[in-house]
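Below you'll find the structures, each written out as structure tokens.
Note that chain A is present in both complexes that follow, paired respectively with chain B and with chain C.
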Partner chain A sequence: MNAVMAILMLLVGAYLVAVLEGWVSTGRLRPAGPITSGLALLGRESVVPRRPDRIFFEVAPPLLLVAALLAAAVLPLSPGLIVADLATGALFVNAAWVYVMVALLMAGWGPNGAYAMVGGFRFLGQTVGYSMLIVMALTAVAMRAESLFTTEVVKSQAALPNAIYQPVGFVLFFLAAMAVAFLPPLDLPTAPGELAGGVMAEYTGWRLAVMRLGRAVLVVTLAAAVSVFYLGGWLGPVLPPWAWSALKTLLVAAVMLLLGRYVPRLRETHVLEWGWKIGIPLALLNIFYVGVLLLVV
Partner chain B sequence: MLQTVFTGLFGLAAIWFAVVVFRTSSMVRSALALLFSQAAIGAMFLAMQTEFLGVLQLTMMATEMAIMAIFMVMYMMDPGGLGGMDMTHQKRASQVSGALGGLAALAVAFFVGWGPIAAEVRPGEQVRGLGLEIMERSMLIFETAGVTILTAMIAATAIAIKRRGKE
Partner chain C sequence: MISGARQARLNFFRRLVARAQARELAALVVPDPEAARTMGVDLEAAGLRTSFTPRHADVLVLTGELPPGLKKAAAVAYAQMPRPRAILAVGAGHVSPLPEPNVSVGTGQEDVAAGVAELRRIFARSAFSTEAADFDLDAVRTQTEYVCPMHPQVVRSEPDSCPICGMDLVPREAAGGNGHGTHHEGMDHGGHDGGAGASHGEHEGHDEHAGMERGEQDEGHEQMDQGSDDEGEGQRGHEGMDHGEMSGMGYGGMSHDGMDHGGHGGMDHGDMGFMSMVEMTQGTPRSSDGLQMEWAEDMPFGPLFPGLPGGLALTLTLDGDTVARAEAEGVEGWAFAEDLAGPAEALAGRLARLDPLSPVAYRVLAWRALESAAGVEPGERTALARVGALEKERASSHMGWLSLFGRLIGYSWLESRAGTLQLALARAVDADEVARLRGDGAGLARRVEWTPLLRRKLGGVGVLTEGSERSGPVARGAGVPKDARTDEEVYRSLGFEPVVRDGDDALSRLRVRLAEVEQSLDLVGKAGETAVPELAADPKLSSAGSATVETPRGAAALRVTLEGGAVEGVELDTPSARHLALVRGVAEQQELADALVAVASLDLSPWGVDR
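Moving on, here comes the complex of A and B:
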């Protein structure tokens, strides 16, 4: 039952994210846009490029979707509404996101196309840039909650959400989350206008539809993760818990998409350089700062 | 019962993907087959209810194997395997040592007294027990060594980088 509810919520979330993304990138609000373009994709022929690595080519789009779904499974919508409340929830989310990179690497290598391959390997580099920021920021979150249960993490923020308690970790995690979902300033693997779609360049028809759906679900899970780990998840006055979760998730997704409209695409070297030279020292400082707060204050 | 079945299935998957590593001549396929072999071991851990080990295995291996794939593509002459390159060598010796190693592992699995098996262990205790089992008294030494190595890595990189504006 929980699983069905969660999938329904994810689908609604993915739809809203797709509408938002269209609105942000074209400036026109078209509520039926995702449905019409989805149907159009399903009606189109799904071309297989010449001499592909067939296994990778076929596996990549579903793997992207599955990775996003697995990450969503451990994020609670309300106290009782969680598919799997794992004891290692905060770590499991990260394990699921890593397979996004594997999926994009496959999508890059599989179709036997130059743009796709550049995109796939770019995302591997991007992973090296952001993955430490995700893990280190989550370490500080888990330190405060004294648990890796995602539900415990939410409960630990009853007095003060982590976004205020550890603002540095919040900003780092937020940016790293945008990198995981390859959202605009960090959309190096797809890079429209430069790589002609990159990892998605060679996909058409229903395969592209699956891939786009996976990406939209991924954006929802990342926004939900920011809300669970830093904005107090379902906690809030008046409204029921699930409504707070949904509101916060949508708000985070909207901010993520809006940032992409105003910031130009970063260079691969800059992502790595800033990630390692600025991001990791800040993340370590954040761990230290939270440790001091926990032990002293 | 169901637990045993799943553990066995994931174990077979791990072995099958390990075989695929050597049967394919594409470097990227080989690296990703190794990844899925390791991921199947992670799934075995999950089936055996050692959640922390399972999730850790799944996380670590994905990044490691993907990075290995890029190195293999960079260094091998025929990364796509289109030239039909043979990756194997010293066939007789590796067959013999592989068979012996497999027998030794089986012997260890069957002839070692594993002691009592806990019916249910709380996740927190499991991780704590694991840490004590692996490191015992040396916990602090290992932790210090980790930080020392990290410092050495950063220092080595800092020394290796050429100063800007100086030739």
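Moving on, here comes the complex of A and C:
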């Protein structure tokens, strides 16, 4: 039951994210947009490029979707509404997101096209840049909750959400989450102007539809993760818990989608340089700072 | 019926899908959306989303008269588009080798909007049809040649054995049957790749059939869907074209089998068993980091690449994501200097058609050269009107560049805002209307200046070597106050001072153009006129004359020799032709994204380049 509810909520979330994304990119709000564009994609040929690596080519789009769905399974919508409340929940999301990298690398290699391949390898580099930030920011969150249960993490924020308690970790995690979802300005693997779509360039028809769905679900789960780990998840006055979760998730997703519109794409070297030279020291400081807070306050 | 209908019987579901597709048309614009806006055509407003790749487009939009090279590139892109697909011609003439456009309209915005509406109707009605025809394009036909797995220099057109080692030659694909194919041969497809070719092909066949079951039973449809079932039929579907004429297509469809897939291809499916890495990479070019497996030879970025002006054919050899070699060419088959001979009256019109990105500047250039031949000076009013027209065009051209540049660097706000202003400028009818846009131009400049991360993105990218010949904004972005306008009386009387910025990189060029937009809009206001009166001089004489005009891209010089009212000899020197030589210097040994930014920052007009 929980699983069905969670998947339903995810799909609704992905739908709203798709509407938001259309609004951000075209300036027109079209509530029916995702339905018509989805149908249109289903009606188009799904071209298989010449001499692809067939397994990689076919597996990449569903793998992206599955990776996003897996992460969603351990994120609570309300106290009782969680698919799997794992003792290693906070670690599990991270493990699931790693498969995003695998999926994109496969999508880059599989279709046998240069733009896609450059895109795929770019994301591999990007992963090196962001992955430490995700883990280290989550470490500080788990320290405060004294648990890796995602539900415990939410409860630990009853007095003060983590976004205020550890703002540095919040900002780092937020940016790293945008990198996981390859949203602009961190859209290095797809880079419309530089790679004509990169890892998505060779996918058409229903395969592209699956890939876009996977991306939308990924954005929702990342936004949900930000809300669970830093914004107190379902906690909030007046409204029912699930509504708070949904509101916070959508708000985070909207900010993520909007931010990239006003800045140019980052250079690959900067993603790595800033991730390691600035991000990791800051994340370590954050862990230290949270440790001091926990011991002293 | 649309020319690119998908073969299928219409049923309830497909009717629904076709209607959805009609609402969601995505367009691949040839040459590019900026060129369309120069003509005052706004495709977004007409209801077409612009697409970055032919793989995600359903409508090919041809704007204006296209040279043969671009038509060919458009045909390859069309072949890459998934069916159902259609063609919309906006003020385009003959489009062969493309099929006849499904809808042809003029260049007015209402015409285009009506054309898109018509396109939607026919899309909804006939996206699926049982009589769908294939698009057969020579450029994308696959040819097979035979090569020795151990000696890549041994290439035959028939099956044979190697004269050196006696091994049987293995088939591989050759580039398309045209002149371009030749210089790719033997480079992309290292010898190791050949072994994979044949067996991989068979393999494919099975996979394809397995992949067909996806819920649709009619066979005809599936057949079309997967044109690559076997190699021989490559030309039928658009699968085939991936290996076609590589420099002609400009999108991701190119093959890179040779350079990296050869690796796993050879191992997984090779006929000859194990092959070590050393053997496989033998004879392939050595890159600076010593990792040859990631070497990608001659990748086309253009002539239809989303981040570069349409028509500019940039060919990059990639070493991982570093550009090892760069080469840029203009529009293939475009009428150039030798075609400019003829009656003197028509010279201005012909010169203006030469570069659709800045027709006014070339028209004025022709007039000035003819006036210089006749030994007359234009009146003050004429001179002022020309200033107004030139500066309006400069502002509009810079806006178009900003929009394109915004797309390249992923700054979507800039892309859409600059596009809007470019369109407003293109549609402004008089000087007052143009001058009123000054506030918007200044606002855009301020906002771009304060954009976070922009300096880090552009600073130090595209620095030219000492002594490179620069002109226009590229020179002024290097701190050199080089501007043909400073020599002109009329500009001096308007208080003109060239805009100069230090830096000599993509950032300083961006700043120069931003400041010049404001300056140009100011000058239009002062000139008070944007309509250019016709030529004042009577060119019915035998003489020679020369003139220089500061086009939006730099100084263009023209020298004409007249013989009894007819143009005998023309010498044209365009800024883009000079700047094209800078491409190698700014792109090579740079990271791919930086190389593209550097090339784009030069604002090359592919039209102003002899090829």
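Definition applied: the second predicted complex is superposed on the first by the 297 of 297 C-alpha atoms of A that agree within 3 Å, B and C clash if a C-alpha of one lies under 4 Å from a C-alpha of the other, contacts with A are read in each partner's own complex, and residues count from 1 in each chain.
Following the convention adopted for this analysis, a residue touches a chain if its C-beta (ideal position, glycine included) is under 8 Å from a C-beta of that chain, and two chains touch if they have at least 3 such contacts.
The structure displayed is predicted, hence computed values, not measured ones.
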Of the partners chain B and chain C, which touch A:R265 in the superposed model: first, second, both, neither? second
Figure out whether A:F121 sits in contact with chain B (first) or chain C (second), or with both, or with neither. both
Which superposed partner A:A191 touches (first chain B, second chain C, both, neither): second
Using the touch definition from the top, say if A:T139 reaches chain B (first), chain C (second), both or neither. neither
For A:S25, using the defined touch cut-off, is the partner it touches chain B, chain C, both, or neither? Pick first, second, both or neither. second
Report for A:R54: first if it touches chain B alone, second if chain C alone, otherwise both or neither. second
On the A-aligned overlay, A:N94 touches which partner chain: chain B = first, chain C = second, or both, or neither? first
Is chain A touched at more residues by chain B or by chain C? C
Classify the contacts of A:N2 with the two partner chains as first (chain B alone), second (chain C alone), both, or neither. neither
Touching chain B and also chain C: which chain A residues? 53, 109, 121
Help me check something: in the complex, which residues belonging to chain A touch chain B? 53, 55-56, 86-88, 91-92, 94-95, 98-99, 101-102, 105-106, 109, 121, 124, 127-128, 131
Flag every residue of chain B that touches chain A in the complex, lowest number first. 26, 28-29, 32, 35, 51-52, 55-56, 58-59, 62-63, 66-67, 69-70, 80, 123-124
Taking the touch rule as given, give the residues of chain A at its contact with chain C in the complex, in rising order. 25-27, 35-37, 39-40, 42-51, 53-54, 58, 109, 112-118, 121-122, 184-185, 187, 191-197, 200-206, 208, 260-270
Touching chain A in the complex: which residues of chain C? 6, 14, 16-18, 20-21, 23-24, 44, 49, 52-53, 55-56, 58, 82-84, 127-128, 200-201, 203-204, 207-208, 211, 214, 224-226, 228, 234, 237-240, 242-243, 251-257, 260-261, 264-265, 294, 296, 299, 305-307, 318, 320-321, 407-413, 416, 451-454, 456-458, 591-594, 596
